[in-house]
Amino acid sequence: MAEPILRLERLRKRFGGLTVTDDVSLAVAPRGLHAVIGPNGAGKTTLIHQISGSLRPDAGRILFEGRDVTALPVHRRARLGLARSFQITSVLPGFSALENVALAVQARSGSSFRFCRPAAGERRLNAPAIAALEQAGLGARTHAPAGALSHGEKRQLELAIALALEPRLLLLDEPLAGTGPEEAERLIGILGALKQDHAILLVEHDMQAVFALADVISVLVYGRVIATDTPAAVRASAEVRAAYLGEDAA
Amino acid sequence: MARLRGAALPLLVLALLAAAPFLGFGAGHALTLLARGMILGIAALGLWLLVGGAGLVSLGHAAMLGIGAYAVVVLDAAGISEAAVVLPAAMGAAALFALLTGAIAIGTSGVHFIMITLAFAQMAFFTTGSLSAYGGDDGYTLYGRTTVLGARWPEDRLAFHYLCLGLLAAVLALCQVLLASRFGRVLRAAKENAERVQAVGFNPYPYRLVAYTIAGGIAGLAGLLLANATEFVAPSFLAWQRSGDLLFMVILGGLGAPHGAILGALAIVLLEEWLAGFTEHWRLIFGPLLVLAVLFLRGGLAGLPGQLRGLLRRG
Amino acid sequence: MTIQLLLVQALNGLQLGVLLFLVAAGLTLVFGVMDFINLAHGVQYMLGAYLGASLAALTGSFWWALLLALPAALAIGLLLEWLVFRHLYDRDHLSQVLATFGVILFLNQAVKAVWGTAPLQMPVPDLLSGGISLMPGLQYPVYRLAILVAGLAIALLLWLLVERTRAGALVRAGASNRPMLAALGIDTGRLFMLVFGFGAMLAGFAGVMAAPILSVEPGMGDTVLILAFVVIVIGGIGSVRGAFLAALLVGLIETLGRSLMPDLMRIFLAPAPARQAGAALASMLVYVAMAAILAFRPRGLFPARGG
């Protein structure tokens, strides 16, 4: 396997007496989709928060492209190419879809301490933003206010924002949560296209989607990684079935 | 089209202010009142940039205004009244105060920010009260108004009226340009959803601090003008009630667009004057009006045309 | 400065501290439980002082005045809550600041209209008049000691209420995790009214107690309000324990600063400028302390809210 883009080394996080992340080590390849699954309360979102930087681990290291980012704040990690989507949709409701994405383009395209020229007219910002919107399947909704988009469309908008950052790694926290079957199918299609040329770390409850998309699956149970393997091997593993899939089937 | 309609109201207000001296507001008292409204409008525009633009609710904005006015006092006592010196001094002093206090205040958020800006303003208030060389609590009467390149034309009421109007229009334009710029976009985005802004790679802190400093400089300009309009400066310029008044102007005008701040300032200055004509206890009416405005006038005055249009369409 | 004088100033500082605590406690509880920022809390203190002074003049007795002023302060607090404040709980802080500011403008003016602008006096009760000798060469007014004792007693009572009763448990739950209250099916409207009325009464009590040693005048609530804000910001919003410690701290800094600063400045400056610089510095001192504390602990010394 090529040098991993993201490496977690013995990550540990405790809330009070509860160990939510227990010596998690993980390597994410620079291409393809790596899914993290696990029952509710396994600590998936806590893990995402530590990778994105909104939570500090108590112990362990996070290496992004070989660089130790454990102590960097959220915005610095984003600048390095770590883009995330949120479990609960987080967009700028008062901005148009285009402006939501243009803001992301702005973050990697020159200084934002510019005070005179109207940003809405900058081609340098708008052209890549429109491209990202199209890539996320939102090309037709460019000028709609983000607050007026449907839930699934907001999910797509989050994807477009993440893409506009030209990320090295996409960190997606349950992108399918709360979407209807049609919206989910559309999003799965988009993710399938994206994983061809992006590294994606996906946390998701929808098992069909995970097994359809993932190249590698890690199983998280009570804060521990009990398996990391191909979808077929994970599906076959007795340990995983007992700890997780068994519950799911019951 | 929408853009044109958006520009119509502020242009109308500025045009009315320009025509006011010829529409029966030409008498000395009326001009004084309008000048006061425009000057407080300039300060309120700066505050609007913080509240409406950046989502920073400051309850200490009068301190910046007062510091601008006290810069005039200090220079006046030293015999300097030239605008080329006084203007940068007033704006610079206020902006510097904003920068230093903002550096601490902006690290906090929500209600902490409100209280800290209030506390810093009180600090400045008590400091000016103890400046016995400049009159202490009793205030300081200026020897003369600020001159422009040695010329004394701003002493003329009508000239001063148009000076204030010109500066008001310039500050309004500045606020609009700032908001539309890249800088303003980050500011507005951080107001709506700071988490999202961080996730795309911006730290809101420096943007907010720059906005706070700019608003401070604008307030310093207003302080200079107010000192000239009254030819008298006192610690009451920095009183927290004045900060509350400025905030009321911004809210009454409406947070939707910067020109709301101008409408709010004019409305309040005229309302105070009108109420004071009935009774010395005019605040007994003004206070409840404020409460009612907060409870029922959610879009502010600038949002009123839209609200009315909506009502008409429904009716 | 003699050690006796320093002790007197320290006692004065503590006494200011407990008065501040009585005002700040209501403010911090109201904010902690309801997320409501009430600028008009200071006028409750002012109204307490006015009620105390005029009831004392009417009845001729400090004790009757105290006894009658408390329910009156409570009634005014509840009336304001019913008329104005309860419509603001679900609004943003900005609206709350403005509407309560409007209430201040009204009440300050109402006080002027009813009682005039001249300060009122309230006599010290006979039982508590005179001084007491704490140590050789140190006389201290009994009444001021009484304020200190009463304030500490109420602080203890409040602590017991918050820590040991069911209502207190709800208040603590509300301060640390507001959605939980609703999830538990608590009638938040009633709880809010209770906390609000209680806070108003505490502020009113502080006003009555302060009336004999201060001049009772319009706007007296504003100064106290801002100091009380400093107290709860330093102490950590929502925390009664934080408010108590911060109130004593602010009381001491404010009082000792005013008496010590001019002397301290004399080390560097000539007497006249020293007095001036000292006075200016002393009035800034609490704000400087607050800024310093917040620069290191943005959520105050004892933040009530977890996470």
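Residue numbering begins at 1 within each chain, and the chains themselves are lettered A, B and C in the order written.
Quick note on the criterion: contacts are C-beta pairs under 8 Å (C-beta built on N, C-alpha and C of every residue); 3 or more make two chains touch, one makes a residue touch a chain.
The chain list, named the UniProt way, goes like this: A = ABC transporter ATP-binding protein; B, C = Branched-chain amino acid ABC transporter permease.
It should be emphasised that the depicted structure is a prediction, and the values quoted were computed from it without experimental measurement.
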**Complete:** Touching both chain A and chain B we find none
**Item:** Chain whose Cα centroid lies nearest the overall Cα centroid
**Value:** B
**Fill in**
dist(centroid_CA(chain A), centroid_CA(chain B)) in Å evaluates to 44
**Asked** For chain A and chain C, what's the span in angstrom between their mean Cα positions?
**Response** 49
**Asked** Between chain B and chain C, what is the gap in Å from one C-alpha centre to the other?
**Response** 31
**In chain A, residues with contacts to at least two other chains** = none
**Fill in**
So, in the complex, the side of chain C touching chain B is made of residues 31, 37, 39, 84, 87-88, 91, 93-95, 97-99, 101-110, 112-113, 222, 226, 229-230, 232-233, 237, 276, 279-280, 283-284, 287-288, 290-291, 294-295, 298-299
**Asked** Which of the residues in chain B end up touching chain C in this complex?
**Response** 51, 57, 59, 101, 104, 107-108, 110-112, 114-116, 118-120, 122-123, 126-127, 129-132, 240-241, 244, 247-248, 251, 281, 283-284, 286-291, 294-295
**Prompt:** Mind pulling up the chain B residues that touch chain A in the complex?
**Reply:** 177-178, 180-186, 188-189, 192-193, 195-203, 206-207, 210
**Asked** In the complex of these two chains, what residues of chain A are touching chain B?
**Response** 52, 54, 73-76, 78-79, 83-84, 86, 90-95, 99, 102-104, 106-108, 111-120, 122, 161, 165
